[in-house]
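There are structures below to look over.
Each of the next two complexes has chain A plus one more chain, namely chain B in the first and chain C in the second.
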Partner chain A sequence: MTPERQTDGGVVTQGRSAEGVGPLRRWAEKAIYAPGGLYRALFIVAMLFFLLTTLFPFYFLFVLAVAPTGGAVQLLPALDAMNLGVFLEVYQKVDFLRYMLNSLTLALVTTAFVLVISSLAGYVFGRLRFPGRQPLMLIILAVSYFPPAAFLVPLYQLFTGNVIAGVNLYNTAGALILPFSALFMPLSIFILTTFYRQIPDGLEDAARIEGTTRLGALFRVIVPLSAPGVATAGVLTFIAVYNEFFFSQLMNNGQPENWAPIVGGLLQLQRAGQFEVTYEVMAAGSIMAVIPVAILVVVAQEKIVSGLTSGALKE
Partner chain B sequence: MSSSTLPDGGVQTALRRPISRALAWLENRTEAQYAYILLTPAIVVLTVIAFWPLLSTLRLSLFADSYGLAAIGEFVGLQNVVEIVSGQRNALLPAPFLPEVWTVKGLFGAALTVTLLFTVVSVAVETVLGFLQALVLDQDFRGRRLVRVAIILPWAIPIVVQGMIFYLMFQPNVGFLVGTADNPALLNRLGLLSTTPLAVAQDATMIVIVGDIWKTTAFMALLILAGLQSIDRGLFDVARVAGATAWQRFRYITLPLVLPVVLIAMLFRTIDAMRIYGLIETVAGCSTVPSLSCLVVTTFNNRMLGSAAAIAFVTAAIIAVVVSVYIIRFARGTQ
Partner chain C sequence: MGRVQLEDVTKRYDDVVAVDRMQLDISDGEFVTLVGPSGCGKSTTMEMIAGLTRPTAGRVRIGDREVTNLPPKDRGIAMVFQNIALFPHMSVRDNISFGLRLRKMDAAEIDSRVAEAAEVVELGGMLDRMPDELSGGQRQRVAIGRAIVRNPDVFLMDEPLANLDAKLRVHMRTQLQRLHRELDTTIIYVTHNQAEAMTMSDRVAVIDGGVLQQIAPPLECYDRPANEFVATFIGSPAMNIIDGRGTPDGVEATHADITVPIDGGVRGVDPGVPLRMGIRPEDVHLVDGEVSAGMTPAVGATIDVIEPMGNEMFVYLLTDASGLQGGMQAEADPGELLMSVDPDAAVSEGQAVEVALDRSKLHLFDAEGDAIAHGVGEVASPAETG
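Entry: the complex of A and B
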C-alpha cells in the first residue's frame, strides 16, 4: 500500500461518518474524486484570495466614486446615500465624452490599419518562401524589445516639423496612430503568420484555379478562413492601443480637441488639484474609462487568452 | 452592376483598367518579388516610425546638450554615455542616474537602481503569484470562466486607470490604507508606510510595485497556464500508479516541464518592467520615483536632447544585456 492510497482511505471514512449531512457529504464525495481534501481546501482559499485581490481595487473605485461629497468613504455604502450624480460631474469638469471618443476612434483606426498591413506581412511570412525571410522577421520582432523612450526624441522632432519642414503631426491623430501601429504591429504580424500558415495549400490553389488573383486568394480565402486569428490580433491590438500611456501623453498637449485620449482627460482631472476636482470625480472618470475594455474582456476572453499565449510562447 | 448606375459603371470601368493592369503585373512577379512587394507597407511604416528613430536616437546621443537656441550642441562622441553611466552627470540631470551615496535613500533616488529594484521585485512576486493563479485556473470547477475574467480584468485596463486606483487608494484618509499623523491607519502604525507615502521615494516605489503586481500577474498566469495544459496528463497517471504523492508529482513532473514557459514569461515581463513609466507618472510622479524611462522624459522636457537620447540608449542596452542573460540561461536549461 502506498502512502497515497492511505490518504484516500482516510477521506473515504470521513465521508462515511458524515452520512446524512447533505452538503458535508457531497463535499466529502467530491474529495474522493479529487484526492486530498486538504488540496481542495487550499484551492478554494487561493481562489477566493485571488478574486478578492483582483476585484477589490475596482470595488474601492466604485465606493469612492459614490461617496457623498465631503463625507467619508463607506465600505458598504447605503443604496439611498449613493451620489450617482458624480458620473455627470466628470463631464462638467472636462470634456470627458470627447476624450473617450478620441480613445475609441484611435484604437479602432489603429487596429484596422495594423490588421491590413500585418495581414499582408503575415501572409508573406506564413506562406511564401523567399531569401531573407528569417532575418526580416527577426528584425521586425526586434522592434518590440525597445522601450518607447528610445523612439521619443526623434519622433517628437519629426512630428513637430523639425525633420521635414511642413510635416506637422503633433496634436493630430497621426502623431498617435503611427507610433501605436509601429509598436503593436510586430505582435499582430506574428499572430497572423502562425494562423495563415495553418491553412492548407490546396485551398489557396483551388481559388487560384477558379481564376482569383493572388491578392484575391489572400483576402477571399486565407483571411476569412483565419477569422479567429484576425479577431485575436484585432482584440489584442485594440486593448493595447486603448491602454497605451507613453505616446498618448507625450504626442499631444492633453487637450481633447487635439486628439488627446483618456490619458489626457484623467491626468487633467488629477492635476486640477483636489479643490477643483474631488477624488470622487477622479474615481468616477476612471470607472467610465474602464467600461469599454471590461466589456471586451467579458466578450472576448478566449481570444485574449489564445492570442497572448500563442503570441508569446511560439516566438 | 445594374443598368441604373450607368455613370458609376463608367467610372468603375475607367478605374478598373489600371487596377486590373496592376493586378496582372503583380500576378507575373516571382514569389520572392511578390513577397517583398507585400511586405513594403509594413517595412515602410516600421522604417519611418521605428528604425529611423532608433538610429536617430543613437546619433543624437553623440551630441552635447544645447543650452542655446539650437536643438543640439557639438559632437562629443561617447562622452554623454560615459558621463551618465559613471555618474559624473548626476548633478546636471533632473534625477541622478546612479546613486550618489549607497544608502536606502540614495538607492530609491537614482534611475538605474529604482528601475532594477522595481523589475526584480515585481517580476519575482508576479512569477510566484502567477504560478499560483495558473494552478487555480488549471482546475476544473464551476465558475472557472468567471474567475478567469476576474483575473484577466486588471491586465486589460488602461495604465492611467491603474495609476489612478493606486493614487487614490494611498491618499491619506481616502483609501483605507493611509491615515494622517493624528489618525494613523494600520499600515502607518506598523511603520510600513508614512502618512504621505506618495511623496516619499521608498514608499511610493513599493506602491508602484504593488500596482504593477496587481495588473500584470494575470499575464504571467495565462502563459504558465498554457504551459500547464500542454503537459501530457498520462504522466500524472503513471506517477500516481508508481505511488508518487501530489507534492512529488508537482516537483518532478509539473515543475520541470513548465519551467521553460516560466522563463519565457519572466523574460517578457522583465523587458516590459524595465520600461516602466506611465504607472509612476500617474501614481507618484517622475520626480519622486525616477525610473529610466522617466529620466528620459524629464531630461527631454528640460531640452537636454543629447542626454535624453543617451539615457534612452543606455536603457535599451541594459534591457539587451538582461535579455541575453535569460537567453543564455534558457539555452543551457533546454540542453
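Entry: the complex of A and C
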C-alpha cells in the first residue's frame, strides 16, 4: 500500500514497485490490515466443516432409510424414488413404539432416581464437613471412570439369580435401572455438589428455623435455588441413559415386553425382512430413535450450557 | 414462657473452645444483647439457643422446656440473620408465610396473619414483590416480618443491622425498639457494635474469648464494669487505662505523675502491688487554678492532638513524665491520656495544661483485670494532698 513499507532489506526482487504488486500480495496485505473479512470467511469455512461432519451421518442415515428395498443407495436420491413409507414400516414390522416407550420410561425413572439420591449426596458433600469427605468424593469419581464392561460379569451373575437365589432381575427394568444409576450417578453428584455448596448457609438456617428439617430445607430451598444445576444433571443423565448401549443390550433378551430399549428394537428390525438384512428399516428406526433426544437437547441446551458454566464461577 | 436459660453451655471445636461454660438467664420479655469482638463466641452462643449448633456440654432451656437436643423448628423461636437470608425464589408474601405454610395452617388464617405482620413492619402493598426488587431496608423488614408472623416465644437477631448503611441502621434501631415494646417478646440480639448494645437493651451480656464477662443493664456496664475488658469495650472512645501500683496512702501511676491519694491505701491491696487505673475521657478535666474537691491532684500534660467532633472535642494528652521519649510510637504511649472537653474550650496543640481525674469515676483493676473499686471516695483532708 505505502511504498515506504516495501523495503526488502536491500535485496532487490523483480516487479516490486508500488504499482506492480501481485494479487496474492495485495490479498495478504488486505488480510493483515483489515482482517475482518478473512475472519468471517474462516468462520464460514469452519462452520460448514463442522456442520458437514455432524450432519452428514444423519443425512446418510436418511438416504439409507428412503432407498428402495434391495435397491442401490444414491447419495442424492430422486424425490419420486424415495420410499417414505419405511418410517411406518418401522412400527409395523416390530413393536417399535413399545421399545421407544421402554427407553423413555427407563431414562425417566433412572433420572428421577439419580436426582433424588445425588441430591442427598450433593447436600452431604457440598454442605457438611466431616472427616473423609474428600477421599469419599474421589472414590465416587473413580467409579465413574471404570469401564462399564468391568461390572458386566458380576452384575450378570447377580441379576440372573446365580448369587442370591430368588433374586432374578434379568429381563426386568431393575436390571437396567440399577447399573444405569450407578454409572451416571457420579456426574450428577459432582454437578449438584458444586451447586448446593454455593447456597448461603443462612438460607438453610433460615428454613430450619422457620420449621423445616434439614431434608425439608434441601428440597424446599436448596434444590429450587439450584434449578439450573438440577436441570443440567437431569438432562445429562436422561440423555446418557437413553443412549446407553452396553447394559441395554445385555441385560435382557431383546423382547419389548422384557423392557428391552431401542437397541433391542433396532436389532429386531434387522430381522424384519425374511431373507435379507433390512438396512433401510433399521436406518429409519435409528432416525425415529434420535428424535426424542434431539428435541430434548434443543429445548434444554441453554439450561445445560448455563448449568455447566455457572457451576464454576457463580458468586 | 419466653424465658431463656443457658446452663454451663460449652461449645468446643477440635481444640478450640468457642463458648466456655456460658451461664445466662434471660427473663420473659427482656431485650438482651450479646456483645463482644469478632470471634468471641456470641454468634455461636446464639446458634446454640437457636438449635443450629449443638452444644458440646451444658443445657439450654426455653420457657419451661429443655431444648438442648431439639431441632430449631421445635423450639418456638424465630431468627433474623445478618445476611437477611430471604428465600430469593419466593415473593415477600411466600417468604413471610413460609413457616405458617409448613405448619399447615389454613389459608385464611395465613392471609390475615401475613397482612398483620406486613402492617407492623410497614410492608403493605409490597407482598407480591420478589426479594431482589426490594431495597436493603425493605428486605430487612421482610426478614423481621417473617420472624414475627409466627408469634415466637423468643426472637433471635444475629447482627440484623450490620449490612445496612449507617443512616438506615440508626432508623432500624429505633424501629426495633418500638417493635420490642409492641410485641413484648424476649429478644436476644447479637452485635459487635457497642452503640447498638447500649441503646437498645435491657441488659447487655459482654462476651470475650467465649467467656461471659458481665451481664448487666447498659449503664451499669458503663459505670461499674466488672473488669478491664468490659471497661474498654463499652464506651467510645475507650476508657483510659493507666498502669500503676498501690502505695501506703493511695495509688500512683508507673509512667506518669498521676497520684491518687486514698486514706489507708486501696483496701486489700498491699503497697507496691501492680494495679491498673481506668478513667473515661469525659472524667478527665482541665484544671483552671484550684483543684476542686473530688478531683485527684493536678497533673501536668502537653496537648498532643485535638480531634473536634462538633458536640465535644477529644484531646490527646501526653502527661509530663512520659513525654520524654517523644516522637510517634506505634503502641499507645503509656503516659497518653485521652480527654473529652467542651467543643469551645480554649486549647491548642502543643499547649501545656494541667488536668485532674474525677475521683468518683476512677476505676481500679487488679493485675488480672478484675475490678477492685469503682470511684474512690473523697479524702478526709484534701489539704494534705497539696
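Quick note on the criterion: the second predicted complex is superposed on the first by the 243 of 315 C-alpha atoms of A that agree within 3 Å, B and C clash if a C-alpha of one lies under 4 Å from a C-alpha of the other, contacts with A are read in each partner's own complex, and residues count from 1 in each chain.
The definition used in the following text is that a residue touches a chain if its C-beta (ideal position, glycine included) is under 8 Å from a C-beta of that chain, and two chains touch if they have at least 3 such contacts.
For clarity, every value in this text was computed on a predicted model and none was experimentally measured.
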Field: Clash-or-fit label for the pair chain B, chain C on chain A
entry: fit
Task: Identify the partner contact of A:Ala233: answer first if only chain B is touched, second if only chain C is, both if each is, neither if none is.
output: neither
- prompt: What is the contact status of A:Tyr39 with respect to chain B (first) and chain C (second): first, second, both, or neither?
  reply: first
Partner chain(s) touched by A:Ser181 [first = chain B, second = chain C, both, neither]: first
Task: Once the structures are superposed on A, label A:Gln249 by its partner contacts, choosing first (chain B), second (chain C), both or neither.
output: first
Query: Counting only touches as set out at the top, which of chain B and chain C does A:Val223 meet: first, second, both, neither?
result: neither
Query: Does chain B (first) or chain C (second) touch A:Leu169, or do both, or does neither?
result: neither
- request: Once the structures are superposed on A, label A:Asp205 by its partner contacts, choosing first (chain B), second (chain C), both or neither.
  value: second
Message: A:Thr213 in the overlay: touching chain B, chain C, both, or neither? Say first, second, both or neither.
response: both
Field: Comparison of chain B and chain C by chain A residues contacted
entry: B
Overlay on chain A, chain C to chain B nearest C-alpha distance, Å: 5
Statement: Shared chain A footprint, chain B vs chain C, residue numbers 213
- prompt: In their shared complex, at which residues does chain A touch chain B?
  reply: 2-4, 35-36, 39, 43, 46-47, 50-51, 53-55, 57-58, 60-61, 64, 73, 75, 116-118, 120-121, 123-124, 128-131, 133, 136, 140, 143, 145-158, 162, 178-179, 181-182, 185, 189, 213-215, 239, 242-246, 249-250, 262-263, 266-267, 270, 279, 282-283, 285-286, 289-290, 293-294, 296-298, 301, 304-305, 308-309, 312-313, 315
Contact set on chain B toward chain A in their complex: 23, 26-27, 31-32, 34-36, 38-39, 41-42, 45-46, 48-54, 56-57, 60, 71, 132-133, 135-136, 139, 141, 145, 147-154, 156-161, 164-169, 171, 174-176, 214, 218-219, 222-223, 225-227, 240, 243-246, 261, 264-265, 268, 271, 274-275, 277-279, 281-282, 292-293, 296-297, 300, 305, 308-309, 311-313, 315-316, 319-320, 323
- request: In the complex, go through chain C and note every residue touching chain A.
  value: 50-52, 71-73, 77-79, 81-89, 98-99, 102-103, 146, 150, 156
Field: Of all residues in chain A, those that touch chain C in their complex
entry: 200, 202-203, 205-213, 216, 221, 224-225
